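Dropping the structures in below, format is structure tokens.
Below, chain A partners chain B and then partners chain C, in two separate complexes.
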Partner chain A sequence: MSDFTDRRSVLGLLARSPAELLAERFAALNETPPFTWLRRPETGMVMLRARIGGDGAQFNLGEMTLTRCALRLSGGAVGVGAVRGRSVRQAEVIALCDALLQQAETAPRVQKEVIAPLASAEQARHTLRAAEVAASRVDFFTLVRGED
Partner chain B sequence: MYVAVKGGERAIAQSHELLSQARRGDPSVPELSIAQIRSQMRLAVARVMSEGSLYDEELAALAIKQAAGDLIEAIFLLRAYRTTLPRLADSLPLDTARMRIERRISAAFKDLPGGQVLGPTYDYTQRLLDFSLLEEGAPAAPTQMPNAAPISAPRVSDVLSQQGLLEQSRQSAAASPPADLTRDPILFPAERATRLQNLARGDEGFLLAMGYSTQRGYSTTHPFAGEIRFGAVPVEVFIDELGFAIEVGEVELTECQLINDFEGSATQAPHFTRGYGLAFGHAERKAMAMALCDRALRAAELGESTEQPANNEEFVLSHSDNVEASGFVQHLKLPHYVDFQTNLELLRRLRAEWETAHAARVQPAGHDPAGGAASPDTAALHPGYAEEIAE
Partner chain C sequence: MRAPLELDLSHMQPGFADPVHDGQACFRALLEALARPGRITALDAHLTLPAPPPGIGAAQLAILLALADQDTAVWIAPELRNAAAGHYLRFHCGCALATTLAEAHFVVIGTPDELPALDALRLGDPAFPDRSATLLLEVAELHSTGDLSLRGPGIEHTQTLGVGGWNAAATAFVQENQRRFPLGVDTMLCCGTRIAGLPRTTLITEGA
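And then the complex of A and B:
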């Protein structure tokens, strides 16, 4: 699971993972470090931009709920959480994982206990769904009419 | 004119209680859970999110439960809720080419790069009621194709436009953000980006009817379904604290690319043009209707006739919103007593004047009753007819 080493892809994985699974892995980590809020959790909306024709000029498609926060551990590491939906707890857990990954002493355990299991769970979800969807792959063919 | 009325507080409170009771239905039947609506009414959830203009499955499911399944009421509830939330950011433009595809078809190309997958669709069902669903039971698990990788594929339109046969999408001028009709009222003529925002939150039934009218001949285009795809697309948002954008989750989208004929002009060789539809969740009818309307509203830009209803952007865009439409239609239920009283008094005065004039016309002094153009019987039965003849 070495794909999830840079901060950007790790935060993406944390945000895409089911909230219950994230909570379960974070509980298994058994880390409750003291922290101060840099940005208290807030729920609001993101306007989803799309492109005309998929690749053209931008337009506003509609909004989506988002919850975000930022915090600092007592050691100084800063963590950011931003996740679709309205779960304050989910954003907080993501920010805590992000911050713990910035500390050399806690990063390996978070990688092992949280990131690696979330990554393999995501891969398993995608593989299963791909197998189901791919079974409906279709090859249409046109019939030759008996005219010639 | 609507004049405020007072009173009725107790009756209204009782009405709310009756409403809650009616929503709940028979208490001996288990109550619906939000999770059930969310997972088993996913197409209703998709519609409420699209037209409510807020992607949040849980809130959409809640709105459907609260509205007792009235989707337009649920859409209204979601629209009202979104006004209570702050706007935190704009996403980076969604890239539908990155979609993890659950379904993808083309009615124009049978061999498209990445292939076609049918996914979950009602298209090939026979629309026979399935009486086995009267009982609870789990469906058979779908067959799996071993060693399949998640499907992502370039949009068909990208492939075709690279060959010059399909119009190229125009890019936005400079860095100006697209107009946002949740912030600024729509002005005519509207930019295509504004029209698409309006259509994206527009009523599916209305867009379906307008799109259908173009197919039946009230417009001049013949579309092909170049590509319809449904699946999950990542959402990226720029985070100030980090100084870069991250994925904050995924949304399910349905995208429709319609391909239409275009005869060309003095400056442009003949090529295909495009209509575009994009909707939250799995919503193919909505995305297709949106694409038909988008293309029809481009008639003026493409030098086509603009005389049909679907080409009239003021008509289409001003009547597409079911929250506005429902509000204006249903406000007729509110007390209009003063208004009506005014009209009633005016009508009484007009009738009194009319009756006086009528009496004078029917029996003028020294006139032979049988000598008019209309017989007395006809005049008695149809006073309006008699008046027309007399004039």
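And then the complex of A and C:
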């Protein structure tokens, strides 16, 4: 399991996690800190840039709906949240988790109650998917063509 | 060239409380101000203005929040670029901060003494005179009476205006700008939360 210690990978994990699981883990955390919005949740489009192969040129894959927000806890920690789709609540929860992770006193609990379970759930999803794909695996091999 | 600067969120302040409606109300007030040059409009009568970061006026900030986005480069004084003002604009407007006046669509000036040379600004070209800069000029005082006399489209006879810190160079700047019509910049005089439009069509004379 990759470790989720830097902000970038944590925000990625939070954004990729299923909404119900995120809501459940956040509820278990039982933290409702007062905060002010720096940027209220807003839904818009982002252009996804992609590349085929390591040396391919970048191209525009298409646009994706994205909801983002930014907030500040009363303690001063700033959290940002961005999530695929239109769920305002999901973006808010991600921003709250991000902000709580910036505070030394709440960070360990968020790591334990939210990040670790989400990371293992993601690992489980990947393993399951790999198993599903493996079942339909086809091995190609070269037939002896009888020339020699 | 734009310097890639790390965005500092630790001291970030909120933008418009209601981005859509506040932006629309601000836009409407700006239209009104440009349609009636020299007539003073209190922006805070139309919308709630967010508290500006140091170096930018409340009205200047509201105008940028309403109009600036990723397609418009904003010029602010170099010392403000990596300060709260620069970070605020990049976060809330998503705009690039211009390093030269020539590439700026909006030019934020703190006092008439700091007015740049007219030719340093984007004046548009004859086929597209709209591709020009808008000047947001902060002034110390703004009164509907004073020694500036304005004439031109949108003014029935003459409109008087008193501007704190105004000088002969500023008058020359506006007069030269008017002579370049249809090219030139449009100016918005800002004084705290109040604004007065000074489009490129307005003729200005001192000592009414």
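As a convention for this text, the second predicted complex is superposed on the first by the 136 of 148 C-alpha atoms of A that agree within 3 Å, B and C clash if a C-alpha of one lies under 4 Å from a C-alpha of the other, contacts with A are read in each partner's own complex, and residues count from 1 in each chain.
Just so it is clear, a contact is a pair of C-beta atoms (placed from the backbone, for glycine too) under 8 Å apart; a residue touches a chain by one contact, two chains touch by 3 or more.
Computed from a predicted model, the values in this text were never measured in an experiment.
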Checklist line | Fit or clash - chain C, chain B, common chain A | finding: fit
Notebook entry, point to check: What angle, rounded to a multiple of 10°, is defined by the Cα centres of chain B, chain A and chain C, with the middle one as vertex?
Noted result: 80
Next item on the list: Return first, second, both or neither, reflecting whether A:V78 touches chain B, chain C, both chains, or no partner chain.
Entry: both
Item checked: Of chain C and chain B, partner touching more chain A residues -> B
Notebook entry, point to check: Between chain B (first) and chain C (second), which, if any, makes contact with A:Q58: first, second, both or neither?
Noted result: first
Notebook entry, point to check: Which partner does A:E42 contact after superposing on A: first (chain B), second (chain C), both, neither?
Noted result: both
Next item on the list: Name the contact category of A:A130: first (chain B only), second (chain C only), both, or neither.
Entry: first
Check: Looking at the overlay, what does A:A70 touch: chain B (first), chain C (second), both, or neither?
Finding: both
Check: Now for A:P34: first (chain B), second (chain C), both, or neither, which partner does it touch?
Finding: neither
Notebook entry, point to check: What is the minimum C-alpha distance, in Å, between chain B and chain C after the two complexes are superposed on chain A?
Noted result: 5
Notebook entry, point to check: Where on chain A do the contacts from chain B and from chain C line up?
Noted result: 38-39, 42, 70, 78, 80
Check: Can you name the residues of chain A that touch chain B in the complex?
Finding: 7-8, 11-12, 15-16, 38-39, 42-66, 68, 70, 78, 80, 82-86, 126-142
Item checked: In the complex with chain C, residue positions of chain A that touch it -> 36-40, 42, 70, 72, 76, 78, 80
Notebook entry, point to check: In their complex, what parts of chain C are in touch with chain A?
Noted result: 9-10, 12-15, 19, 91-92
Next item on the list: State the interface residues of chain B toward chain A in the complex, per the touch definition above.
Entry: 49-50, 53-56, 58-59, 82, 85-97, 100-103, 105, 110, 115-119, 142-151, 155, 157-158, 169-172, 177-182, 192-194, 196-197, 200-201, 234-235, 237, 239, 241-242, 244-251, 255, 257, 274, 276, 278, 280
